[in-house]
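So, here's a batch of structures to check.
Below, chain A partners chain B and then partners chain C, in two separate complexes.
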Partner chain A sequence: MNARIGYIASNTFREAVRDRVLYNLIAFALLLSGAAIFVGQISIEIEKLVVINLGLTAVSLFGVVIAIFIGIGLVSKEIDKRTLYTVLSRPVRRWEFIVGKFFGLSGTLVVNTFCMAIGVFVALLYVSHKIMPADALIFIALYFIVLQFLIICALALLFSSFSSPLLSAVFSFSLFVIGSFAEDLRGFAGMAHGMTRWLATAAAYLVPNFSAFNIISSVAHEHPVAGQLVLHNTLYALFYTAAALSGAVLIFEHRNLK
Partner chain B sequence: MAAIEILGLEKTYVAGFWRKRPKRALHPLNLTVEQGEIFGFLGPNGAGKTTTLKLLMGLVFPTSGSARILGREWTDPDIKAQIGFLPEQPYFYDFLTAHELLNYYGQLSGVSAKHREQRIEEVLQRVGLADVKGVQLRKFSKGMLQRAGIAQAILHDPKVVFLDEPMSGLDPMGRREVRDLMEQLKHERKTVFFSTHILSDAEALCDRVAIVYKGELRGVGAVADLTSSVQGRVDIVWQGTQVPASIKALGAECHVTGDTVRAVITEAQQDAAIEALRRERLRLISLTPVRTSLEEYFVEKMRRADSTAGGAA
Partner chain C sequence: MKVRYRTTILASICLGVFFAASIFVLQGIDRLRPQATLEDVLYITSPKILKRASLGYDGLLADIYWTRAVQYFGGRRSMGMSSFNLLAPLLEITTNLDPHLVVAYEFGGSFLAPPPPNGAGQPDRAVRLLEYGIRNNPNEWRLYYNLGFVYYMDLKDYAHASDAFERGSHVPNAHPFLKVLAAQMAQHAGEYETARMLWATTYQTTQDKQIRQNAAEHLRDLRVDEDVTNLQAAVTRFGEKTGRLPSSIYELARAEGLPGVPVDPSGKPYKIDERGRVMVQDPDDFPVATKGLPPGYSPVGKLHDSQ
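Let's look at the complex of A and B:
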């Protein structure tokens, strides 16, 4: 990797850590330990199911919120505070700045997810007293969650390269919600007719298909995950992320920094 | 080879949401700055100084024109390793310490790890921040941030340094230190291009200045040349407490201060005044032509620009 991208990424990571972004882990730990103790007392035989469902959903939601709210400020904050001026007046290309920011935030989310994953396994151990080989499926669910984060980070960067932080947040969050129901949208498109069918199909294939990444319930029920899905989701996430990042770079390359 | 060549650089913004109107921030600007010069870019607020610097740094894109820095296209990212830039009222990553900030900028500028540490210590010492290098920038005062800004601009030992209002936010002592630093840079054969609206700083420091007003270049030249338009009068100072009648008769404006007398007379009267002092056996201390100050020149240029614009309207 280009060294300058690495420097920008590590500075972005350091900023997130020092801005106490990882403090969300405390809220996560409290939520999960409270839930584990609570379900351990009220449920019989489904404690594990509840902990996996709740734990992974929390990992996903906490991460999405961080990805959106940090992602939308990555560029605009640097322009508003004019810190970008002293970066771009050095031998730094604009695309390197965007890609560096992306890797920095992605790194933050990976570390965050890793810490939360430890929490999920500890809670699991608490309620079921042992870790089974089938629990390795949780790693695949976590991997899919991280892939989702990459797409959301890139989208937040794309929106923030041309709109205000508020609008970027609205766009990113809307796409996350719509993308989570992408399969339903595709189903609706299949049933619709005429122009509606055309529009719904276009929308269904344009928005990121986050529903394909959500295997939390399936993993909680210990259903196996097809290797083809892992490959498909990996390629899809990489392609979507690269496309969104390219868009962000293209816009940012021509932007006047007032 | 010139340090900076600005070739018809122009910037027009489009203002307004519904009814878009062009707003010209900078008329085509042509300017050459030689290597080793301290060049002052003067103008009131909103004159186009910062726009020019942003154009040169590639932060905004010109409507037309181009520039060359050290003989290379200004859009070439690699030339930026030779450039240092201090933006106006700089603000930095406030979660970093001064040392970490300089380390980050050193990395981005391509300063090798081997030299970076030594260079950081050197510039921190130079701008007077060595004692607070471990303090996060969020705890810095405005003046300290300005010093950090200067430190990052000179960290990688650039050949050309662009400073946008470098004295802004500094107390008199700080301003003096920045002036000294700029003079040191000149001794190191660096080119310093700085914008300011504080004319005394420009007058004290600059080899040459350019005056920009309402986005247009109004004058450029050596400070001495711009201010050398002798107004046909001389300033004569002699030792004494009395004004001889023969000098009074010349209609001179005289001021007695302690045991010296200062009089302003016309050039045509200068021989008669010297003769009068010789006759009265008074000691002549100095005789200097009255020059236009940079401030007078600056005000005159702006007044002329306004009257031209008014006339055209």
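Let's look at the complex of A and C:
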């Protein structure tokens, strides 16, 4: 990787840690340990199910909130603090700045998810007293959650490259919600006719498809995940992220920073 | 300036190529999980849990589930599939989330009760759904009408059908046919006439396209059933008079003094086989007809699968 991108990425990571982003892990640990003790006492047979569902949902939601709220400030904060000018006055290109910021935030989220994943497994061990081979499916669910974060990071950066932090947050969160129902949107497009069909189909392919990444319920029920789905989801996340980052670079390249 | 220009060109190309690639991969994902939106129904079957999980946005969630129900039924029907096991839970979830979504009850009445391939073959669940709808919307005469319809058409329970039409006829602004239907149920009067009246009322009063199309199909195919019954009686008369079977529909029409050769609703003449059975030329044109079909006929392309 380009060394300059590496420096920007590591700075972004350090900055996120300095901003106490990883403090969310305390809230996560409290939530999960509380839930594990609670369901251990009241649920019959479904303790494990509840812990997996709750744990993975919390990993996903905490990560999405971090991705959006940090991602939207990555560009605007640098402009407000005027540090961007210092960076760009050095031999750093604008696209390197955007890509570096993306890798920095993604790295933060991967570390955060890794810590949360440890929490999920500890809670699981507490309620079921052992880890089964089928629990390996949780890794796939976590991997899909990380892929989802990559897309959200790229989208947050795309919006922050031309819009205010508040609007960027609204756009990113709206896309996250719409993307979670993307398959319904495509189903609706399939049922519509004429112009509505075209518009709905275009919208359905334009928004990110987050529903394919959500396999939490299926994993909690120990249903196997097809290798083809892992491959397709990986490719989809990489292509969509690359497209969103290209859009962000394109806009930022022409943005008047004076 | 040159570097910026190069970056712009490269970023534009990357944007187009990667976005196109993402659409291509997404189509692959869709092929891998064709029933993906229905997974919720498989994992969370309790409408009450879903209602709580909706955090107050139960109206929106009801609309989503309603869309899924229509998609599920319409999609499978258009693919020639004949099992609709998830239709009942989808409609139950929809109506629990929004008990005033009358069209969902109507849809259930029309497509839950009829036997496959025209419906899910679950008249008991259709009755339960409609009774739930009536409890929540006591002033919707259509729900009583649908309930009577299911009792009459699918359960052949004339007493309950009459009771449902009778109850519905007391609702303000009820369709005047409800009183007539209640009386006819009590007498078990002319089957075709009653069925035609029921389907015609459904056709005229429903707002839902699929339900209306279904009613139109039934009205058309009901004519086939009636024509075949009448022509079959004419074949019997011909046999009694001449001691043989008519060689063709043309001979039968001449013998009966009909103004022309009898044709089915698609305009094709009926035909008579070597055993004197009156049949339509193309049975696939009449998916819900019960008469005039070759022995052992089952509609083309009807697939069976687990959901």
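In this text, the second predicted complex is superposed on the first by the 258 of 258 C-alpha atoms of A that agree within 3 Å, B and C clash if a C-alpha of one lies under 4 Å from a C-alpha of the other, contacts with A are read in each partner's own complex, and residues count from 1 in each chain.
In this text, a residue touches a chain if its C-beta (ideal position, glycine included) is under 8 Å from a C-beta of that chain, and two chains touch if they have at least 3 such contacts.
Note that this is a predicted model, so its numbers are computed, not measured.
Asks: Once both complexes are superposed via chain A, do chain B and chain C end up clashing or fitting?
Replies: fit
Asks: Using the superposition on chain A described above, determine whether A:G247 touches chain B (first), chain C (second), both, or neither.
Replies: Touch partner of A:G247: chain C, not chain B.
Asks: Looking at A:F162, would you say it contacts chain B, chain C, both, or neither? Reply first, second, both or neither.
Replies: Neither: A:F162 stays clear of chain B and chain C.
Asks: May I ask you to decide whether A:A212 touches chain B, chain C, both, or neither, giving the answer as first, second, both or neither?
Replies: second
Asks: Once both structures are overlaid, what angle do chain B and chain C make about chain A, taking C-alpha centres and a multiple of 10 degrees?
Replies: 140
Asks: Classify the contacts of A:F188 with the two partner chains as first (chain B alone), second (chain C alone), both, or neither.
Replies: second
Asks: Check the contacts made with chain A and report whether chain B or chain C touches more of its residues.
Replies: C
Asks: After the superposition on A, what does A:A3 contact: first (chain B), second (chain C), both or neither?
Replies: A:A3 contacts chain B only, not chain C.
Asks: Should A:R93 be classified as contacting the first partner (chain B), the second (chain C), both, or neither?
Replies: The answer is both, since A:R93 touches chain B and chain C.
Asks: Output check: A:Y126 vs chain B and chain C. Expected answer is one of first, second, both, neither. What do you get?
Replies: Once the two structures are laid over each other on A, A:Y126 reaches no partner at all.
Asks: For the combined overlay, can you note the least CA distance between chain B and chain C, rounded to whole Å?
Replies: Result, nearest C-alpha distance in the overlay: 6 Å.
Asks: Indicate the residue numbers of chain A shared between its chain B interface and its chain C interface, in ascending order.
Replies: Common interface on chain A, chain B vs chain C: 93, 254.
Asks: Considering only the defined contacts, which chain B positions touch chain A in the complex?
Replies: 13, 54, 57-61, 77-78, 80-81, 83, 85, 87, 89-93, 95-96, 104-105, 107-110, 149, 152, 156, 162
Asks: In the complex of these two chains, what residues of chain A are touching chain C?
Replies: Interface residues on the chain A side: 93-95, 181, 183-184, 186-188, 190-191, 205, 209, 211-212, 217-218, 221, 226, 228-229, 232-233, 235-236, 239-240, 242-243, 246-247, 249-250, 253-254.
Asks: For chain C, which residues count as touching chain A in their complex?
Replies: 3-4, 7-8, 11-12, 14-15, 18-19, 21-23, 25-26, 28-30, 32-33, 36-37, 39-40, 43-44, 64, 67-68, 70-71, 74-75
Asks: So in the complex, which bits of chain A are touching chain B?
Replies: Going by the criterion above, the answer is residues 3-4, 7-8, 11, 14-15, 18-19, 81-93, 254, 256-258.
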